[in-house]
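These notes open a run of structures that come right after.
Paired with chain B in one complex and with chain C in the other, chain A is shared by the two complexes that follow.
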Partner chain A sequence: MEFFTTINSVYVMIGSIALGAMCGMLGVFGVLRKQGLLGDALAHAALPGIAIAFLIMGERILAGLLLGALVSGLLGAFCIQYLVKATKIKMDSAMAAVLSVFFGFGIVLLTFIQRLPSASKAGLDTFLFGQAAALLKIDVILMSSIFLFTLLVVFIFWKELKMFIFDSSFAAVLGFRSRFFEILFMTIYVLAILVSLQAVGVVLTAAMFITPAAAALLWTKRLLSAVVLSVVFGSISSASGAYVSIVAEGMPTGPVIVMAASVIFLFSFMFASRGGIVWKAIERYKYSKKVNLENLLAKLYRDTESGVNKWQRSDISLIMLWRLRSNGYINSGNEITLTKKGLVSGFKVVQKHRLWETYLVERMNFSHDHVHRDAEIMEHLLTDDVVEKINSILGNPKVDPHGKSLKMK
Partner chain B sequence: MIIVILATLTCALIGNFLVLRKLSLMGDAISHAVLFGIVMAFFIVGTLHSIWFFILSVLFAVFLGFIVQWIVERVSISRESIIGVVFTFFFALGVLLIVQFAGNIHLDTHAVLFGSVEFSVFERFVFLSFDLGPKSMWTLGAVFLLNIFLIKLFYKELKITTFDPNFATSVGISPKLIHYLVMFLTSITVVTAFEAVGAILVVALLVVPVVTSYIFNKRLNFMIGYSLFFALLSSIVGYLFSVYFDVSVAGAVAFISGVILCFVVILYKMFAYEQTN
Partner chain C sequence: MKKTVFEVHDLTVAYGKKPVLWGVDFSIPEGSLVAVVGPNGAGKSTLLKTAFGLLKPLSGWAKFFDKNYSDVRNKIAYVPQRESVDWDFPATVFDVVLMGRYGHLGWIKRPKKSDHKKAMEALEKVSMVEFKDRHISDLSGGQQQRVFLARALCQEADLYFLDEPFAGVDIVTEKAIFKLLKDLKNDGKTVVVVHHDIQTVEEYFDWLVLLNVRLVASGPLKSTLTKENLNAAYGGRLDILSKAQELFANK
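The block that comes next holds the complex of A and B.
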């Protein structure tokens, strides 16, 4: 492929995938701690550090800028923690306050820098919106080593991190130094943010951490599988973002990565085994189909009880006819009759309804005219085992409170 | 300068309820995601200066609140993560749309992010050929009055639903309805203010003065009063600061409000320390 002919593209690809994987991994921890937007806050907080580092150095040296960003990012993290701890300010307000103040200060410095007669200043803008296509070999090496470092940290402290996330007080009881992990966690978080600032910029860094992680958590509730899945989602979206930004001239990397990640999230939201809205809708549809069929069978059985055992085709809608027949509940001819199976199934629904009414009246002291609606729901839910149990509790009653038969005709 | 003051006051007023309801980051989300709304409104209306443009943006912001609420009710992931997913998606979409289709129009991401109070004075509001001053001043003023009016009208309801939603339901006030009122006011405030001052300053103005006053206030009306005072203070000092150093107004106001917050925290800690001894 032509795309891989330039060596630089390979670097960009590797760098982006490492980035996506790293953010995906850390994002799971952030989202589970309900601090998903911490990434957003710290990304903004890093800006003044970048600007100050630039002012001190007078030129654009990546390592120096990142060091500045690291310091101010950590300072921002510390400020958030301090505000929450020392005052009654809540986490979300603290994040919003630190984010906007630090970023405001960063903008002040940037506008100040823009008035300096320094030629290399243009590079600072890429931190705002990111430019993965401009990644150099040295950047990629830096990215990959930071990725490997965070991977190592997560690997070594896996158990501790897990406990720290899910039950920090339990962890404290067991003697884990939660303060140490707080600092450790913040440090690797800020490191990851710094790297992603380069590629996707300040605003969209939040998405690198949240979106793949949130999508992964829709599929699974196990930490390990969530982390693995999130890493996969993160890498896929970064790779596709980088690809588009290399191939299509002028397409900004960050937004494309975020779009890819959002598509994955949307897909997960619709189809994930837990909570996917499509599956929920299908389940609801199946249930309502079952309810309709059972209601019809019950009606046919009650008709039978009162002596009617033949029906005209026109009494029943076509679709219901088809469903009854395909289940073997009716014999079809010009006139419709219930099969043995249909009769039994109809009886079961009616029995459940009446038995439940009896139970409510006898054991729960409901008045007999207040039990119909509840039974209307329960007749579709009770299982045969439960029916047997209720029957034996009530001593095999012959009639329900309305005087209707509980035995099959 | 009047624009900045009006913007800060408007934001701080509604910001009180956002902070108390733990919705601070919603302001952040709306101000970013509304970029998409603005781009769409621009495509539909074709100009940045009509009332329809404004209405569409506000509608989009309200819609955003609905989406977040809708997803939150359906998944077991915390609200703030959902906010993060949704707003970054729309922001990214907005940026892509600008890059792809609107390269030559007057809509640049920088102005959206940092605001351009400096330039908003050039857009005049002309009525019957009288120059009545900058347009943002009038829209902000109108929104400010609307906020005051609605908040005053629903003050009791807002107060009860904010502090005790269960009690509110039991006396017949719908917390959900009031929630949407707050979201509506936030949307309209954010859209208006950020046209003038940019996304980041909007977040700063919504949250920082309020948080500052939240530290040492226990009563809602005092909290609102002090937050307005801090808002006023930071806008005036910030404006002078930016003029003196010739830097971004929005950034300077955000920065100064942060400095004030810092002072208040230190004073509060010293005071609290003396009290305990």
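The block that comes next holds the complex of A and C.
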């Protein structure tokens, strides 16, 4: 492991993991407060502040740059609030407008700085896409302490966070000051954004917050487990970003972190217990298999009703033959006949269809040519106890509205 | 004469320049089951929000047990409208009910065993014990309303305010909730319900506050639920009032 030989790599790794954990943790609250884009706007709006702070100081001091970022980030946030309040512009448009103006101005300043002859300018563009490998020991200490601070705040005010985000007016009625909560929450959120800027870059910082949290919320219905999961996702993404940043020189960290987080999100989206699309697809497939088999059984039963009780092998596809046989629905020699079990199962499907048609006509005032399509669906869904109930409601009818038998042949 | 537990005096509230409550006075005696009724935009929800200090009135005040709200907070429980929160929030039924204890705890302090017990008792009262670990988004509208009610019950208050608790719930839940409210009344508590369905007022309540920006009537149900009062709240006078509101807003 050549990778850990330089002590600086260890710092970079620790710092990145702390960062990923912090963003993952706060991201859950951000997503639940539906202010994912606010973080994005703040981060983008921070860029001109960084450039101006550099121009004023003439050298690259992280604390100074972050102070500049804070001032212009807050100015951006204020502009957004003002636009929403004073005009008819809605939140999303206001954020988009402010974000692009600030970011554009920041890029202009950055380009200007790059043309300056001063030697210490090197590295300011890392704020664009982030460069975890450029982190120094002192940066990492700053990051870790801010992470511990936000962790402490979340731990202490867990109950309040939960209550305010779920139902803020209830919290206010109980006597909790929402002003205090807002300030507390925005403080840790803005702090977290600021310290992320150098490692992840203004462009992608918001994704550090949103993506792990959104993925975590797909898996769980408990706030605590969502936060823990999001912390894990954030740390993993962040560690992979840092690793690439150390090993492959010049590779920007932010995009790699976001890629890693997005892979986790994609995986969650497909497999998460709460509506992962893969599980849904499997269920749909299983259902359509069941429907096909039941439709065939129903057809065989209807044939039997009209006097046909033997079929040729060529009448039925190989797969369906195999499925009918393995379920014990048919005897197959040269000619195919239904077993007792097959007959009963076929009857049940047909019965459900006809019974449902009867119910719709008798009780729901449908005319008898309007009920077939609905019965096609319900014949696969009705359970035996519902069938019994319908039967007793209708007084055990013998024929359906089309004159077909409801009793087994 | 019974003690007054809730009194509103000359309350005027405006959104922007548009007045939604205008010089409203009334008082509620202890142990009543009160319906606050009026058409849409009559200021019913605004009345509650202002009383709890969520909105600032232009003039007037609201008093609870002859005191300011902040002094008697723990004797008052509030059930907001069900639609006012996002039910996809990651929490279980028990989590939400337990929030009813937060007011007694104050900042930072965590719920204790006794708080858990009280939350369970409240769940029992609304027959939702078996749902306690269920996620709140998996509930029907009626069940969500019961959860909110349980949260208020474990506040152990003397005065309950409910904002449209019967909106969008099934008839079984409506009856169940009403029975609980009646039990509260029989225990000597006072219950104030913002209500939209004038049909059920007579069946459920014993005190009426009829509101339409101005106070139309307030008092025991028998003497206030009259055709004239209902006409005044829902009928013709409204046109002039809304015209006046508009003029005021555009001045």
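By definition in this document, the second predicted complex is superposed on the first by the 379 of 409 C-alpha atoms of A that agree within 3 Å, B and C clash if a C-alpha of one lies under 4 Å from a C-alpha of the other, contacts with A are read in each partner's own complex, and residues count from 1 in each chain.
Here is the rule we go by: a contact is a pair of C-beta atoms (placed from the backbone, for glycine too) under 8 Å apart; a residue touches a chain by one contact, two chains touch by 3 or more.
Owing to the predicted nature of the structure, the values given are computational and were not obtained by experimental measurement.
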{"item": "Touching partner for A:K162 - first (chain B), second (chain C), both, neither", "value": "second"}
{"item": "Partner chain(s) touched by A:V308 [first = chain B, second = chain C, both, neither]", "value": "neither"}
{"item": "Touched partner set for A:A226, first chain B, second chain C, both or neither", "value": "second"}
{"item": "Touched partner set for A:V247, first chain B, second chain C, both or neither", "value": "neither"}
{"item": "Touched partner set for A:T87, first chain B, second chain C, both or neither", "value": "first"}
{"item": "First, second, both or neither for A:V173, with chain B first and chain C second", "value": "second"}
{"item": "Per-residue touch tally on chain A - higher for chain B or for chain C", "value": "B"}
{"item": "Touched partner set for A:M408, first chain B, second chain C, both or neither", "value": "neither"}
{"item": "Chain B versus chain C as contact partner of A:L148, first or second or both or neither", "value": "neither"}
{"item": "Residues of chain A at both interfaces, chain B in one complex, chain C in the other", "value": "217"}
{"item": "Of all residues in chain B, those that touch chain A in their complex", "value": "19, 22-25, 27-28, 32, 71, 74-78, 80-85, 87-89, 91-93, 95-96, 99, 109, 113-114, 200-201, 203-204, 206-208, 210-211, 214-215, 242, 245-248, 250-255, 257-258, 261, 265, 268-269"}
{"item": "Interfacial residue positions of chain C with respect to chain A in the complex", "value": "49, 52-54, 70, 73, 78, 80, 84-86, 89-92, 95-96, 99, 102-103, 105-108, 110-111, 135, 137"}
{"item": "Residues of chain A that touch chain B when the two form their complex", "value": "31, 34-37, 39-40, 44, 83, 86-90, 92-97, 99-112, 115, 128-129, 203-204, 206-207, 209-211, 213-214, 217-218, 250-252, 254-256, 258-259, 262, 265, 269, 274-275, 277"}
{"item": "Chain C partner contacts - residues on chain A that touch it in the complex", "value": "32, 156-157, 159-160, 162-163, 165-167, 169-176, 217, 220-223, 226"}
